[in-house]
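Right after this note come the structures.
Paired with chain B in one complex and with chain C in the other, chain A is shared by the two complexes that follow.
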Partner chain A sequence: MTRSFFARHPSVLVFIACLAFFTLLVTILSEGLGIGVISTSFVKTLGKTLCLCLVAIAMDLVWGYAGILSLGHMAFFGLGGYMIGMWLMYERTRDIVVTSLADVEIPPTPQEISDAIGNQIFGVVGSSDFPAVWAFAPSLPAQLALVVLVPGLLALVFGWLAFRSRVTGVYLSILTQAMTLALALYLFQNDSGLRGNNGLSGLQNLPGADTIPQSLISLWFLWGSALALGLGYLLLAWVVSGKFGSVIRGIRDDEARVRFLGYSVEGYKLFVFVLTAVIAGIAGALYYPQAGIINPAELAPIASVYLAVWVAIGGRGRLYGAVIGAAFVSLVSTWFTSGQVPPVDLGFYTINWVDWWQVVLGLSFVLVTIYAPKGIAGLFDLAAGRFPPRRHGAALGPDDGALREKEAEE
Partner chain B sequence: MRYLRAALAGLILLAVPLVAQQAPESGTPVQDLLQTHADQIAKSSRRTIQPVIDALVASGLPQIETVLATWQAREIWQRESDGLFFAATETDNSLFELTDFDTGEPIGAFPRDGLAQVKPNSGVQGLIATALVQFQLNSPDPAQRRQALDSLARAPDATLLAPLRASIEPETDPDIRARKQRLATLLTIAHDSNEAARIAAIAEVSGDLSVDVRATLNPLLSTHRTFAAADAPLAGDQNVARTLVPGRDIPVTEAYALLVAAGDAPALVSEGAIREALAVNIAEGRVGGVPIAALSDPEARNRAYDALAAAGAVPPRVDTAERDASLAAHRFYDVYDEPSAALTDAAQQALGSIETRVGINQALDLGLDALSLASIYFLAAIGLAITFGVMGVINMAHGEFIMMGAYTGYVVQQVIPDYTVSILVALPLAFAVTFAAGVAMERLVIRHLYHRPLETLLATFGISIALQQIAKNIFGTQARPLTSPGWLDGAWVLNDVVSISYIRIAIFVLALIFLTLFLFIMRHTRLGLETRAVTQNPRMAASMGINPDRVNMLSFGLGSGIAGVAGVAIGLYAKVTSELGQDYIVQSFMTVVVGGVGNIWGTLLGATMIGSLQKGIEWLNPSNTLAAQTYMIVFIIIFIQFRPRGIIALRGRAAGD
Partner chain C sequence: MSTLLEVSGVSVTFDGFRAINNLSFQIGKAELRAIIGPNGAGKTTFMDIVTGKTRPDTGRVIWGDKSVSLLKMSEAQIARAGVGRKFQRPTVFEDQSVFDNLLLALKKDRGPFPVLFYRSSARDRERVEELAGEIGLADQLPRKSGELSHGQKQWLEIGMLLAQDPQLLLVDEPAAGMTLEEREHTTDLLVQAAKTRAVVVVEHDMEFVRRLNCKVTVLHEGAVLAEGGLDHVTANKDVIDVYLGR
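Moving on to the complex of A and B:
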C-alpha cells in the first residue's frame, strides 16, 4: 500500500528528500554543529519559514483542495503560538522567581511563588492575579494538548455554525476574516488575560535550558519544524490522494452535485477545516518559540490574507506549490524589508525597497492572480510539458472556489 | 433699593465708631485700616490673609471695594518713605501717579524708586475675588455682575448667601436675575442654617438635570462607616443611612478593619507579618520548634508562629472564629455626615427623581450616539452597496478608496487655506479622484475576474496592500489633520446630559443625502436601469443594446467615488492615516452582509443595527471599546446563522440561486 502510494505520487518522495537534504545542509553550515557559515538568526529564519510552509500546506488543503478561502488560518496559527507561549513564559518566570526566592530566610510557600510569578507576568497590564485561562500553564502536556485543542475547537464551533447555515464563497471568507478580527481585538484587551498588546515575550528561552546556547536550540527547532513539515506533508498528501481527496475536490468545484450524490458535504468541509486549523496551531506552536515574541498584531486579518497570497503565488491546489510560495515569498520579504537590497536611484527619486516592497508584493500578487493562476508551481508543468485542459474558458465547476481553466491539470 | 441704602448707611454708621476708636484723630479711615495690617498686606500669604480681608470688609467703608479691586489687580503700591498705601498707575518716564484711597484724589506723580508694589499671589487674589463678589453683585455693570456670579458658582461660599439674596431684589436684568435666584437656591441647599428653607430649596430643584444641582445635592448624602456594640442603642443624633451586614453589604475584612482601627479588636496578623516574625525569630535552624525547611507549608508556618506567640515573642494570631465573634458583637452602619434626617430624605428623593430623568436622557443621548455611528458605517458602506451589493464585486480596496478621499481632503486643505471653501472643493474632487481610481481598477483588474469572486477578493487585497504602502510612502505614518470649518465646531447641547457635535449631525445629513442619491440613480436614471439589467443578466442586457463593459465601469466608478466622499466626511472627525480604510473595511462588509446584499434599505438597517449594537455594548462596559467591537462581531457571526442572507433577503431570481 505504502509503496503504491509513493509510486503514484513521486512528488512526495522528491519533497521529503529535498526537505531532508535542506535540513542536513543547514545543520552542516550552522554555527551550532557545523562550520558556521549560516548565522544563528538565519537558522531561526529558516526554521520559521518551515513553520510557515506547514501552515501554507494546511491553507492549500482548505483553499486549493476544498475551495474554502479561509481568512482565519493565521488566527489558528497565532492561537497555537499563544498556547505554547503560556507554558514557556510561565516556566521561565517560575525559574527566575524560584532562583530569586532561594536566598530568602524563610522558604516560600507555593502561594507566594505563584503570586510572584503572577506579578512578574502581569505587572505590565497592572494586575498580578492569574486569569482563568492560565489554569493549565504550569503543565507542559496540558498546554501541548491545548495547542491542538484550542484551534481545533474554535474551528469546530465556527465551522459547524458556518457550514451548517451554508455560508459559502466570499461570505465565508468575510466571516472568517471577521472571526480573526474579533479574536485579535479580544486579545488586544488587557483583561483578556494574555497581557493585551504586550503579548507574550521571551519565548526563545527554553526553561531549564539556560546552559544550552541559542545556536543549538535554533537547530533543534529547525529539525522539529522540518519533521513537522515532513509529517504534515505526508499526512495531507495521503488525505488528498484517495477517495477523500476526490470528494473534497468535487466539493470545491461543484458542491451541489457532490451533495446530490449523497455525500455529507458539511461533514467533509468541517473535517478539512478543523484538521487544517489543528495543523496551523501546531505550526504556530513551533514558530513562536523561534520568533521569541507573540502579540495580537500577529493575528490581524492581514496576516491571513498574506497566507492566501503565499499559496496563490506558489500555486494552489498542489501541496508543493504552497510550500514553494510560502518559502519564496516570506524569504524574499525578509530580504527586502531587512534593508539589504540596494536602493534603486531613478535620478528624480530613490526607490528604497524597505518602503516599496509591499507595493511590489501587492501588485505582483494581482498579476499572478490574473495572468498566472498556477503560480510558481506552473513552471514545473511548463517544464514537464503538461498543459491545462481545453474547456473554452469555463472553470471546473460553478462554485466560487472552483479551479479555473488555467489552473486545472489534465 | 432705598432700604438697602439705609441698611448700608446703618452699617457704615455702626462701623465708623469702630474705626474711629482705632484712629481717633485721623480723617483717613481707609489708610489707617490698611496701616493696621500693613505687614500682612505687604507680604501676604493665602493662609494668613483671610482675617485682614474680613476686617476690611467688616469696616463697611465705601472705598473698600476700590481697595480690594486695586489690590487684586496688583495696583496697590506702598510708599517706602512713610509706608502708606496708594493706588498707582504708571505714567510716562516710569513715573507713578498715586491716588489716595480715602479721598480718591490723585496726590501727584512719584518715581518708581521710592515705591514698592504689593503683589498678592494667585491664592490671595482668589480670596480677594471672593470678598469682592458681594460688591460686584450689585455693580451697575452687568458684565461685572455676571463675572461675580461665575466666581460664586465656582467657589460657593456660605458667607455670600446673604449678599446674594439681597442682590436679587434690585436686579433689573431678567437673565442675571434668574441666575442669581438659581445660585441662591443652590447656596441655600448647601449652606443655609434654616432647615425648612433648605428642604424647600431641594424640592425646588427636584428633577433638574444640571450637573451643578447634582454636585450640590450629592455632598448632602455623603456617608461614613461606623459601628456600635450589638447590644448598645444607637446614638440619638446619628442619621443612619443603612445598616450593613458583614459579608453581604460590606466585606468581612473591611468591617473587621473598622473594629481594629477603633482599637476594639486585635489586628489580624497578615501572612507577610507572619513571615517577617518568623524570619526574625530563627534560632539554630528552627523557628518555634519547626525546622526552616518545612516552612514552605502555610500550616507549618502557622504552627511555628503559634509556638512563638505562646512563648510571648509575638502577638497571637486572630483566627476566623474569633474574628467572626467580634464582628457578631457589633453592628455596622453607614451614617450620613448631615445630621438632619428630613434633609437627607428630601435630598434622596430629589436625587432619585433626577436620576430617573438623567437615565431617560442618557438613553436618548445613547440613541443619538448610535445613530451617528450608524450613519458613519452607512456612509462607509454605501459605496460597497453598489460595488458589492448590486454588482457582486468584492472590493477589498474599498477602505483604501475611503483613505484616498480623506487624503484628497487633506491635500486640498494644504492648497486652499479657507476651511469652508476647501471642504466644498474637496468633496467633488475626492469623488473625481476615487471615481478615476475605481474605473482604472475595474478596467485593469476586476474586468478579468468577473464571476471569480474569491480571486477578485484576493487581487483587490493586493491592491489594498499596495495603496496603503504608497500612502505611507507619500504622507508618512503620522496622522494628518483634516480640519473641519469653524461652523461645524461645537455641539448641539440639549441639556447637561444630551449633546451631539455638529460634525456628527453633518455626517448624518450626508448619509441621508447619499441614500437619496443612491435611490435616485438606481431607480430613475438610465445608468441605474442598465446597472440593474447587467447585474441580473449580462447577456440579455447586451443583446438589448446595453454595453455591459461601460455600465460595469461606470457603476464601479460611482461606488468608488462615493467611498471617496465618505472618506472626506470620516476624515473630518477621525485622524487621517494610511490605515484609515482598514479600520472600516470589515465593518463595512459586515454592514452590507448583515443588511442583505443587493438592497440599500438592508444596508441602512445593517448600519443601524451594528451602530446601536456597538454603542449598546459600549454602554454596558464603557471602559472597553475593544470589547464592544469583539462582542459585536461575535454577535454578527451568530446572527448570520439565523439569517444567512441578511435582514432583508432578496427572493426569487434576483437572489442569484
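Moving on to the complex of A and C:
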C-alpha cells in the first residue's frame, strides 16, 4: 500500500507511454511538421478519435465502475462542442465583417458591426438578432467556462432528480435517452438560437489564424486532445484506485449494501455523473473544431448508444478497455462508412459496406456481450494468465443483474 | 438500564398482508437479544424497519439519548447514526478483496469528497488486520471475497459490522451455513460485542440461541408472542403451539 501510484497501477504508465509515442509518431508522419505520410484530414480523424477515447473513459467510469448505464453522455459531448463552436463562429465572423467593412469611408459603429455579424450567422434561419444564449460568445474565457458549466449543470439537475427518486437500471437508461432526444429536438428548432439543423460550421478555422495552415492547426488539436486524454486518464485512474473506486464498484454490485454501510449512494452517483458529464463536455469542445461542424444530429440518442457499444466492445470496468473500444470501433467505423472497403459481390446480392456496417457492428456487440463480456481488453487477461475465480457460474452479486464471474475483475 | 432503541406500535402491510402487527420492542445500550420465530414471522421485516429499508404504516421508532425518530432518516443516515446490519444472505462485495471490504466498512467520514482524498493510514490498516484476526480471516486479506466459503463470508460480514463500530448490531441468521466450530466462534464474537453495545440476533437454531445465553423475544405473525429467558419462553404454551411443537 505504501508503493507509489504507478507501481500499483502499471497499466497507467504503459498507457501514458503509448499515448505519447502515438502522438510523436503521428507528428513525425504528418504533413504539418513531418515527412507527410499522413494526410491532414487523417491527422484530424486521429485527433477526433482521441476525443472519443476521452468521452469513452468517462462512460467507463459512469457505467463500467459505477454501474449507471447512461445513454446520454454524447449529449454532454455535443453541448461542449456547441459552447466552443459559438465562440469560434462569432469571432471568425467578426474578423470577416471587420475586414470587409475596413474599406468603407465612414467607420462602422459597433452596432453596425454587431448587426453585420448577426446577419452573417443567423441569415440561414431568417434572423439577424443575437439570441440571449449568445451573450457570452465574444469572450473566449466565458465560453470555455461554459464548456464545463453547461454539461455540468445539466448533469447536476438531471442526476439530482433521477437519483433522488432512486431511478435505476433500464429506467434510468431510458430517462437519459429521453433527455438526449429532448435536447436534440430543441436544438433542431430554428428559434433555439443555435441555427437549428444548420448547426455551427466553419469551426476548423481558428479566428486570427488565417495564415496558419490547417496541417499545423490539426497537429495543435491532436496534441491538445492527447494531453486532455492523458490527463483525463490519470484523473480517472486516480479516482478509481482508492476507496472512492471501492465505493462506486460496491454501488454497481450491490447498491443497498453500500447504503447500509452509511454511504449516501445518491451523492456518489451524482458526483460521478457530473464529473463524467464535464469530461464529456471537454472532449466535445476538442472534437468539433477538428470536425469543423456541429449540428443537432450529433446529439441524437443513437450517438450515446454507440458510446456504450464502444465501451462494451473494448471492455468495461477498466479504463484502457474503453480507450481500445472507442479507438478501434470508431476507426473501423470510419473506414467502413467512407466507401473505401470494396463491396462483396455474392452474385444475387452485393454487400455494400456503407449500408451493412451497422449490421456488422450490431452483431459484434451481441457476440461480445454473450461470448466475451470482458471485451477486447479481456485478451490482456488471457495473456497475463489471469483467470476469474471458478465459482461454477454462480452470480457474484446477490441481485439478479449483478456482475457475473466472467465480468469481475480486480 | 437506559434504552437505546424503542419500537412501539409498528405495523406494516404488504399488499394487504400484515407482515408486522402492532409490534413493540426495546433494547438497552449494552444488551444481547435473540429473536426467534417461525418462517415469515416478520423478523427480517423488523430489521428492515429499523434500518430504514421499509417504512411502517403506523408506529414509532425512537433512537438514542436524544430520542430521535429513525423514520424520517434515510438508510445511510441511520447507518451513520450507529445502526449496523448483517443480512440473512451474506452480502459482501465479492468483486473486491477482503481487505477492501473491511476498509470500506471502517468507521470514517462517508462523504464523497473525504472518501476521494482518503488514503489508508498505518493505523487503519492495523485496525483492519486486527479485525481480520478476530474473524479468522487474517491470512485471507488479499483474496477476493467472492472466493471465500459461505461461512467465511458470514464472518467477513460480521467483521464489516464490527468495523463500522455501531451502537446497535442487527444480525440476521449469522450461523447459517457454518460448522459447529465456526458457530461457537460466532457466538463468542457476538457475546463479546454485546459487552459494549446492543446486539440483536435473529436465529433459527435453538442450540445457538442457548449458547448466547440472553433474553429471547419470540415473534409470530408480526407481533411479540413471548419474551424472557430461553427456558421461560420455551415453556410458554403459545410458543410451543406455533413454533416448537411443529
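Note that the second predicted complex is superposed on the first by the 396 of 410 C-alpha atoms of A that agree within 3 Å, B and C clash if a C-alpha of one lies under 4 Å from a C-alpha of the other, contacts with A are read in each partner's own complex, and residues count from 1 in each chain.
One rule holds for everything that comes next: contacts are C-beta pairs under 8 Å (C-beta built on N, C-alpha and C of every residue); 3 or more make two chains touch, one makes a residue touch a chain.
No experiment lies behind these values; they were computed from the predicted model shown.
Enquirer: Consider chain A as the common anchor and indicate whether chain B and chain C clash or fit when overlaid.
Expert: Chain B and chain C fit side by side in the superposed model.
Enquirer: Which partner chains sit in contact with A:95 here, chain B, chain C, both or neither? Use first/second/both/neither.
Expert: Touch partners of A:95: none, neither chain B nor chain C.
Enquirer: Using the touch definition from the top, say if A:263 reaches chain B (first), chain C (second), both or neither.
Expert: Only chain C; A:263 stays clear of chain B.
Enquirer: Once the structures are superposed on A, label A:381 by its partner contacts, choosing first (chain B), second (chain C), both or neither.
Expert: Neither partner.
Enquirer: So in the superposed three-chain picture, is A:167 touching just chain B, just chain C, both, or none of them (first/second/both/neither)?
Expert: Touch status of A:167: first partner only.
Enquirer: Looking at chain A, does chain C or chain B touch more of its residues?
Expert: After superposition, B is the partner touching more of chain A.
Enquirer: Using only C-alpha atoms, work out how near chain B sits to chain C after the chain A superposition, in angstrom.
Expert: 5
Enquirer: Shared contact residues on chain A, chain B side and chain C side combined as an intersection?
Expert: none
Enquirer: Please give the residue numbers of chain C that touch chain A in the complex, ascending.
Expert: By the definition above, chain C touches chain A via 51, 53, 74-77, 79-80, 84-85, 87, 89, 91, 93-96, 100, 103-105, 110-112, 115-116, 118-120, 125, 144, 146-147, 160, 164.
Enquirer: Please name which positions on chain A make contact with chain B in the complex.
Expert: The contact residues of chain A facing chain B are 69, 104-111, 158, 161, 164-167, 169-171, 173-175, 177-179, 181-182, 185-186, 188-189, 191, 301-302, 305, 308-309, 312, 355-356, 358-359, 361-366, 369-370, 373, 395, 400-401, 404.
Enquirer: Quick check on the complex: what are the chain A residues that touch chain C?
Expert: Within the complex, chain A touches chain C at residues 1, 239, 242-244, 246-247, 249-250, 253-254, 256-257, 259-265, 267-268, 271, 389, 391, 396-398, 403, 405, 408-410.
Enquirer: What part of chain B is in contact with chain A in the complex they form?
Expert: Per the stated touch rule, the residues are 275, 278-279, 282, 287, 292-293, 295-298, 301, 394, 445, 448-449, 452-455, 457-459, 461-470, 472-473, 582, 586, 589-590, 593, 624, 626-627, 629-630, 633-634, 636-638, 640-642, 644.
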